[in-house]
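Data first, discussion second: the structure below is written as structure tokens.
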Amino acid sequence: MNTEEQKVVLEVKNLTKEFGDDAAVKNISFDLYDGEFLFVIGPSGCGKTTTLRMIGGYESPSSGEIRVRGQLLNNVPLEKRNIGMVFQSYALFPHMTVQKNVEYGLRMRGVSKAPRKKKAAEVLSLVELEDYAERYPAQLSGGQKQRVALARVIALEPDLLLLDEPLANLDKRLRDTMRVELKKLQEKVGITTLYVTHDQEEALTMADRIVVMHDGNILQVGSPKDVYNDPNSPFVAGFLGETSSFQGKARIASDGFNEIVIDNAMIVRPTPTNSFQPNNSVFVSIRPERIKLSKEPQAQEVNCTTGIIDFVSYLGSHVFYFISVLDGASLLKASEPIPHGQASFEVGDFVHAYWQEENVVCINGG
Amino acid sequence: MSISILSERLSRYNKFFLLSPLLFFLIFFFAGPLLWLFRVSLYQSRGSSGFGIGGADGKEGGGFYVEGTWTLENYFKFFQDEYFRDIMFFTVELAFIVTMVTMLVSYPMAYYIYKAGAKLKTFLLIIVILPKLSNMLVLVYGLQILLANNGWINKALVGLGIIDEPVKLVYTLFSVVVSKVLLIAPYTILVITAALHGLDRTLRDAAMGLGASGTRAFLTITFPLSLPGSYVALLITIVWALGAFVSPLLLGNPDLQTLAVEVPKQTFENVNWAMGSAIAFIILGLMFVVVLVFNLIIGSAIKWRTA
Amino acid sequence: MKRSIGKVTFHLFGLLLVTYFTLPMVVAVLMSFGPSRFLRLPTNKWTLKWYVEFFTTTKWMDGLWNSLIVSGLTIVFALIVGMATALAFTKYKYKWGAGLYTLSLTPVFTPAVIIAMSLLTVAYRTGMWGGYTIIAVAHSLWAFPLVIMVLKVSLDGLDKSLEEAARGMGATPIQAFFTVTLPLIMPSVLVGALFAFIISINEFIMALFLGTVDTETLPRIIYPVLRYRLTPLVAAASGVLMLLTVLVLLLAARLVNLGKLVQYQRS
């Protein structure tokens, strides 16, 4: 992504929110580019929703700056910001029809009846709810309510769209469908979007870029690929997707490059590097889909280990093996796609697990 | 970079702006007047020299008290005069009687409602609220007729052979109590009903499962747990009973006058506002004392129980 | 056997109490339809003559009119104080919040005589004595705590995001209140108003102290007649008051049901 050519829509600088002695958001900074679909993810209480609310104007920051298209928003009251927000509960006005809900913002702006109706109709057809204009929110399904919530803010053509865990209240099937719909809608309208969620799967599937937050701080910013494959901290490694994590000690191998020894039994070798000091503690993470299993011993001496399969989880399209390694001290997670429906191994099997050096993530400390 | 200091200030402004009607009313129409009431009770009273509105500057023939004076004479007069002391004792006496009867009536009724099925419950709740929604004068009027010598009650008693001759029921302590209880009971019944409904029903079931009979379960589980709510009801009753006005006034006799009845008497008949205020303030004082005493008793009872 | 005796006694007691609560009113209403001037219950001769006399006598009609004016003012005061306070406590956290909330409910527990006497002394001093306002103020002290309670329950039940959503779409706080919040709590507002009305129209003691010849409310006119010259005209006047109360209650019930009905339709 060539950031020089892209316009910055949102700039967050040194944003902090304190509640008494606690700080929910601690001095975070990030930018959002035109048309981007940015995800802010993290566990409950990490400060993501507070950040969202500060950008929208629903909370005021303790310090820091928020700029949209260069304009400082800190002193701009909520109703004057051109930012659309979709709430987790959708917050549709129960006493108004869908039509009136969608027209509401335009009405507040003083747009007269005819252009209002026209715009509302436009937006409703965008979310494919033209036939529902005269219904009341109570008569809509969860997915439909969400689309109305989107429609009514899109009608205002905001500079920025904020989404607060919009799919949290939907069941799994609907969530998966809505993910695709949301992404398509966002691309079609081209609206710059900030999406907050604790569901890392959503982020991986939909985001252009991801901001990972934990305990009020930003840990990492990057594309889904970058954050998944190159996490910069044990937390990020563990938060996104599944992983097997180990703690080991660094040392220099015979060829002069780093090796990590785990439990004096397993040797892990990342792509050739010298960045780890001997005897330092190193955190190791390996994604389950990168681990291969075999009943036969393998040729490699590093990046492998042996163990007994403790538990097998059948997930339809693939299986998940929980392998007890290092004499039962740790658990290795490996997954195997099963296009023909038959898992290769079963509980109790003794297996050799191995992987390539480019699939190992090593982080100092941890 | 004044971080929304302005909007913080504005929202703080809003915060207290919204509360201003309440504060205005509480200060100027509630607390303030009560303080002023005390002040007025410290005025020297005029003799009952005509009814003069206006002329609040102590001019001859005008004003309800002598301006600018400060004296405790009204209070002295009150406590020294047997007439007033008797009224005060009767007020307290009546309050206790009314409170006892009200609680005796209210608790079982609340329990009855608690145990009732949905339809009956709604019906009963409406019945209970009814006296509160009607005019107290209507009730008094109805009671005057019911309790009269040739009223329904007497007719029924004679007819059933319980008594030979009609008994005087109206303009007695009985009628005063009956009336006041009718005015207070709706509140206490509702409060206790609410308290009972707030209890965990399964506790009683658990007790019975452990072998307690219905009555024992009630006495050892339900009743004690409903006491906090009932205590609130009790306090409300005492406070209101001390302020009994309409009942003694319209259904009592000259021997059964309370402090509250004395207030307009002093204020309007004797044109002695200072005295009237003093008596009103004494009623207030009685309420505080009684509530305080009860809190102390209950408080120490709780301490004693959990010691 | 023991159980059923207990049960019967229980139900008998319930019946007794229901009678206790309803009989005085029933008797009063019956008297208003009887021809007899004396305290005798009507048997076969029903008449509306007392009601006719009521509606044709200036004194009584003036009293009714005064009562209605005072009640109207009470509704206004109670709603203003009640609404502002309920909103304040729902939206904001205050330092002495819990205490202040309890404090706002205390006037309702203060006996009428105390309120009446204290307001009288103030009314006299400030020249408010002799107007409708001071009576309405006194009545509001009993009414607004109820309004606060009713509105607070309603406001607590609202989704907080609704107002935020309205603001986010460009509504100022006042616009958001009138277009979103108020319509959604309207049933409770009306119920509160109606309670304020009922309290005020039936109130006697404060009206006695604070009213003057020009502002005599109906209960105040009833009182001396009740005390000295008992006639069924009093019953008719009481009947009119009761009728008003019942109508207002039915209206309240209708409105609350209507509110629920509207919500049902939309679901």
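Letters A, B and C name the chains as they come in the text, with residue numbers starting at 1 for each one.
Keep in mind that, in the parts below, a contact is a pair of C-beta atoms (placed from the backbone, for glycine too) under 8 Å apart; a residue touches a chain by one contact, two chains touch by 3 or more.
Keep in mind the model is a prediction, meaning the values are calculated, not measured.
Here the chain-to-chain distance from chain A to chain C, counted in touching steps, is 1.
Nearest to the global CA centroid, when each chain is reduced to the mean of its CA atoms, is chain C. One inter-chain figure worth recording: chain A and chain C are separated by 56 Å, centre to centre, where each centre is the mean of the chain's CA atoms.
Chain geometry summary: the mean Cα position of chain A and that of chain B are 62 Å apart. Between the Cα centres of chain B and chain C there is a gap of 18 Å. For chain B in complex with chain C, the touching residues are 14-15, 18-22, 25-26, 29-30, 32-34, 36-37, 40, 53, 56, 64, 105, 108-109, 112, 124, 127-128, 130-131, 133-146, 148, 150-152, 182, 185-186, 236, 239-240, 242-243, 245-246, 249-250, 260, 263-264, 267, 273, 276-277, 280, 283-284.
Put simply, chain C touches chain A in their complex at residues 159, 161-162, 164-172, 175, 179-180, 183-184, 262-263, 265-267. For chain A in complex with chain C, the residues that touch the partner chain are 56-58, 78-81, 83-85, 87-89, 91, 93-95, 104-105, 108-109, 136-139, 152-153, 156.
Of all residues in chain C, only 10, 13-14, 17-18, 20-28, 31, 39-41, 77, 80-81, 84-85, 87-88, 91-92, 94, 100, 103-104, 106-107, 109-115, 117-122, 124-125, 129-130, 137-138, 140-141, 144, 173, 198, 201-202, 204-205, 208-209, 219, 222-223, 226-227, 230, 234-235, 238, 241-242, 245, 249 touch chain B in the complex they form.
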